[in-house]
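The structure under discussion is supplied below as structure tokens; questions concerning it will follow.
Order of writing sets the labels: A, B and C. Residues in every chain begin at 1.
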Amino acid sequence: MSLIASNLSFKPGNEWHLDNVCFEMSKGQIYTILGRTLAGKTTLLKTLAGLISPDEGTLTLDDRDFGSIPVWKREVAMVYQQFINYPHLSVYENVAFPLKQRRMQSDQIKARVMKALQQVGLDGFENRKIQALSGGQQQRVALARSLVKEASVILLDEPLVNLDYKLREQLREEFRNIFSSEASKDSILIYSSTDPVEAMQLGGQILVMDEGRILQQGTSKEVYENPNCTKVAQITNDPAMNLFEGRVDNGRIILSSEIDLELPQHCKGLATGSYIFGMRAAGITLNSTGFPFSVELSEISGSETFLHIRHEMIGVVGLLDSVQNFNTGEVVRVQFDTLQLYVFDQNEQLVSSPYRGLE
Amino acid sequence: MNFKHKYLFLLPGLLVLLAILIFPIGFTVRLSLSSWDSFYPALDFIGIENYVRLFTDDARFWEAFGRLSLLSVTTVFLQYVIGFGLALIVWKEIAFQRFFRVLFLIPMMTTPVIMTVIWRTFFHESLGPVNDILSHFNVAPLWLSSETLSKFTVMIVEVWQWTPFMFLLLLAGLLSLPKEPFLAASIDGAGPIRTFFYVTFPLMAPISIGAIIIRLIEASKIMDTVYVLTSGGPGTATETSSFYIFIKGLREFQFGYSAALSLTYLIIMIISFTIIAKLLVKLMVRGN
Amino acid sequence: MRVLYTSLKYLAVVLWSIFVIAPFLWAVSTSFKDFQSVTNGATYIPWVDFEPNLEGWRALWKSPAQGGVDIVEPFFNSVFVTASGSLISIILGTLAAYALSRFTFKAGFIRNGDITFFFISQRIMPPVVLAIPFFIMLGKFSLLDTLAGLIIVYIVLLMPIAVWIMVDFFNKVPVEIDETALIDGCNPLQVFYKVVLPNSIPGIIVAGMFCMIFGWTDFFFSFILTFTEVQLLPVAIVALNSSITPWWSLSAAALVSVAPLVLVAFIVERYLSKGNLSGALK
């Protein structure tokens, strides 16, 4: 039982919104489409829903041609980032709407709606007006409406992005529980997000998307450990993975006239030449015997500090475990943890990762 | 979204409008090339003779056009200034706010010709209240039969009738403005006059331009008021383009010639509105 | 300074209010006069300046042969033509506006914007330009001097207003609501009547009010295209203007014809103050 997309392409103007998108998804799993804004995530979801007809490519679900079914017969569900519900209907009527559209019997509708409302924690709200609900509650109604259909494909387009931080955390947790429960065993769940942390937390598979293309598909562990190119490395990390150019020569990594590092074990076989090196912010820490960098900016986030520092051409972001204040221009000494070093070739493809070693 | 159903939505309205309009417009074009009149009611073909006559030998048409320009530009300007002023006043807290809002809207809801019938009695030179009051000052202006004053009377009636429409569009615009710029202005210590010129007016520029254009378009059709109030008179003192075409076409039954007048008038209107719209955009948007 | 500003504000409002009300007060006063009290010069207050009587109001029900005005039939003709013209315009205009706001149309160089402009630009057309061809066209189909003929003309007059207001209205409603309804199993027609229509009532009411205003107050077309069989209210009243001037019945008739739409002013104001109108008018 699976949804297969092959060669989906869509180019309404001069830019590709979808560029040769291929994937295979199977039931009972969560797939997160991770990409920056305008990467083509919404276009992809709308194409799956049938709201956009791609210029090329096919979609099949369980060996049936899915792409030629009009939206209103396609049996998908979708939740938008804006809180979209029917403003003229009550909460109950909103959730019942898709079932009434299928001409289901009213007692059956009632049972299903009540169950869905219970799942999203809105029992007791049946007769409320949509406008009388908070943003989080409105989004729960939208979620209930997508659950109640028991659709074979459920699409969630950055559903939490317009909620405040605390509510987002809480709802994300609830989403994961709902979707890992019995209810969605027969559904393919596709969730789009710009937030790598969110993608990792949801578990399941990640599809990294950029400029209309799928760059990498894999489990969250795989994508995290072995991003197949520099773009994926940047998109799947927050802050983006630091990238800097350098040379490998004589068993050492030469980044500048003053900075050279020893080749770590997982990079030992690297041929002499130029590479792009990658390191997450966590791999760059302060150490009194390290290299001199000057501070450009320090950002405090919760109990951590992001330090934007520069040495000649090398500008990187380091992560400190504590809250510290720095002055702009202040010189700090920095150490690179080479055990966490990624190496990409000149074509930006992964050559060596700390988890897999040399390709 | 793109579905075949889209034509089911668009076509009924579009086809009905086209069906009603294609014949009149096509026929007017053809008619303008004929000499159809009451003596010779047939669709002959005389080339551009009507147009030649209109451009070389019809001072009355161009005078009517000049008069129309004067009337419409002046009245729309007055409507804009007064309408904006009133909208600004009842936009903010004021006693009986909603009463005044309703009252200021009422004239546009009334039928212009019917109110003009009333205005005619109002400005009646011997029996009307205006001259009755003015008689205490020993003056008796000829509101309807003086060449200069009759134009002024037409303007008063037009301003009374249509300032509400300007008021409505501008008040709706004011009520839809975001609050933040005003907050920022008051934090910066700007008084009401500075706030108006640096915040309100620039924010209202697009709405103002739209409202002025809409009113100019409607004002360019002035004719009901003139017909009832003065019948274009005295002489041709208040004759507008529409009224002149009406006289030629439906009083003298020079169908062919009036068709040529109509089309020329329409084309001049379209060109003028395009230019005026561009000018207004330049003037009001650059102003901030 | 503040006091001066406030007093100027109230002065302006009061002066303009007097200007707005003056013709109505005059008409009310005149409607209770008779030949004597009109021709003696301007008088204002009943019982003080003149002896009021109901002659002017009674004339509204009398036939012209009895010296009356008989605006009853023209009144209902006007109601019928305005209501039918507005209804057809709103139905066709709302459908077209929905299509223009939601779907993409391409035909040669023509795009959605051009079609919208075509609809709205009909308002630029001066009535006098259309009058002669309409006169001839309706004559060909034996529709001169009929209610049906007038309704056809009113559609041209009113549909542009409906399209103008409704396109703006639909452009402000998130398209995602329509998409959600499609996903929930509605075809585009069901989307329109099950979801879009129930949520468009404020826009439709505003568009309907404007159609009624412009339909009810139109004079020129009914003046040109009807003669004896069918008469609309403005024509019937203006006809009095040219005959020997019975100011009292004229004023009474004018007040009757103006009254229904004055009620619309209250509805417009309600929408305006609730902020629903600014969405629909821009």
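In this text, a contact is a pair of C-beta atoms (placed from the backbone, for glycine too) under 8 Å apart; a residue touches a chain by one contact, two chains touch by 3 or more.
Everything numeric in this text was worked out from a predicted model, so none of it was measured.
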Two chains sharing the most C-beta contacts: B-C
Taking each chain's C-alpha mean as its centre, the one farthest from chain C: A
Inter-chain centre distance, chain B versus chain C - centres from mean C-alpha coordinates, in Å: 16
Whole-Å separation of chain centres (CA-atom averages), chain A against chain C: 55
Of all residues in chain A, the ones touching two or more other chains: 51, 70
Junction residues of chain C, two or more chains touched: 179, 182, 187
Touching two or more other chains - residue numbers and ranges from chain B: 1-3
In the complex, chain C residues that touch chain B: 5, 9-10, 12-13, 16-17, 19-23, 26-27, 30, 38-39, 41-42, 44, 92-93, 95-96, 98-100, 102-105, 115, 119, 122-137, 152-153, 155-156, 159, 163, 175, 178-179, 182, 187-189, 192, 213, 216-217, 219-220, 224, 233-234, 237-238, 240-241, 245, 247, 250-251, 254, 257-258, 261-262, 264-266, 268-269, 272-273, 275, 277-279, 281-282
Chain C contact footprint on chain A (complex, rising order): 46, 49-51, 70-74, 76-78, 80, 82, 84-88, 97-98, 101-102, 142, 145, 149
Residues of chain B that touch chain C when the two form their complex: 1-3, 5-10, 12-14, 16-17, 20-21, 23-25, 27-28, 31, 82, 85-86, 89-90, 94-95, 98, 100-115, 117-122, 126-129, 131-132, 160, 168-169, 171-173, 175-176, 192, 207, 210, 217-218, 220-221, 223-224, 228, 241-242, 245-246, 249-250, 255, 258-259, 262-263, 265-266, 269-270, 273
Footprint of chain A on chain C - complex, ascending: 174, 176-177, 179-187, 190, 195, 198-199
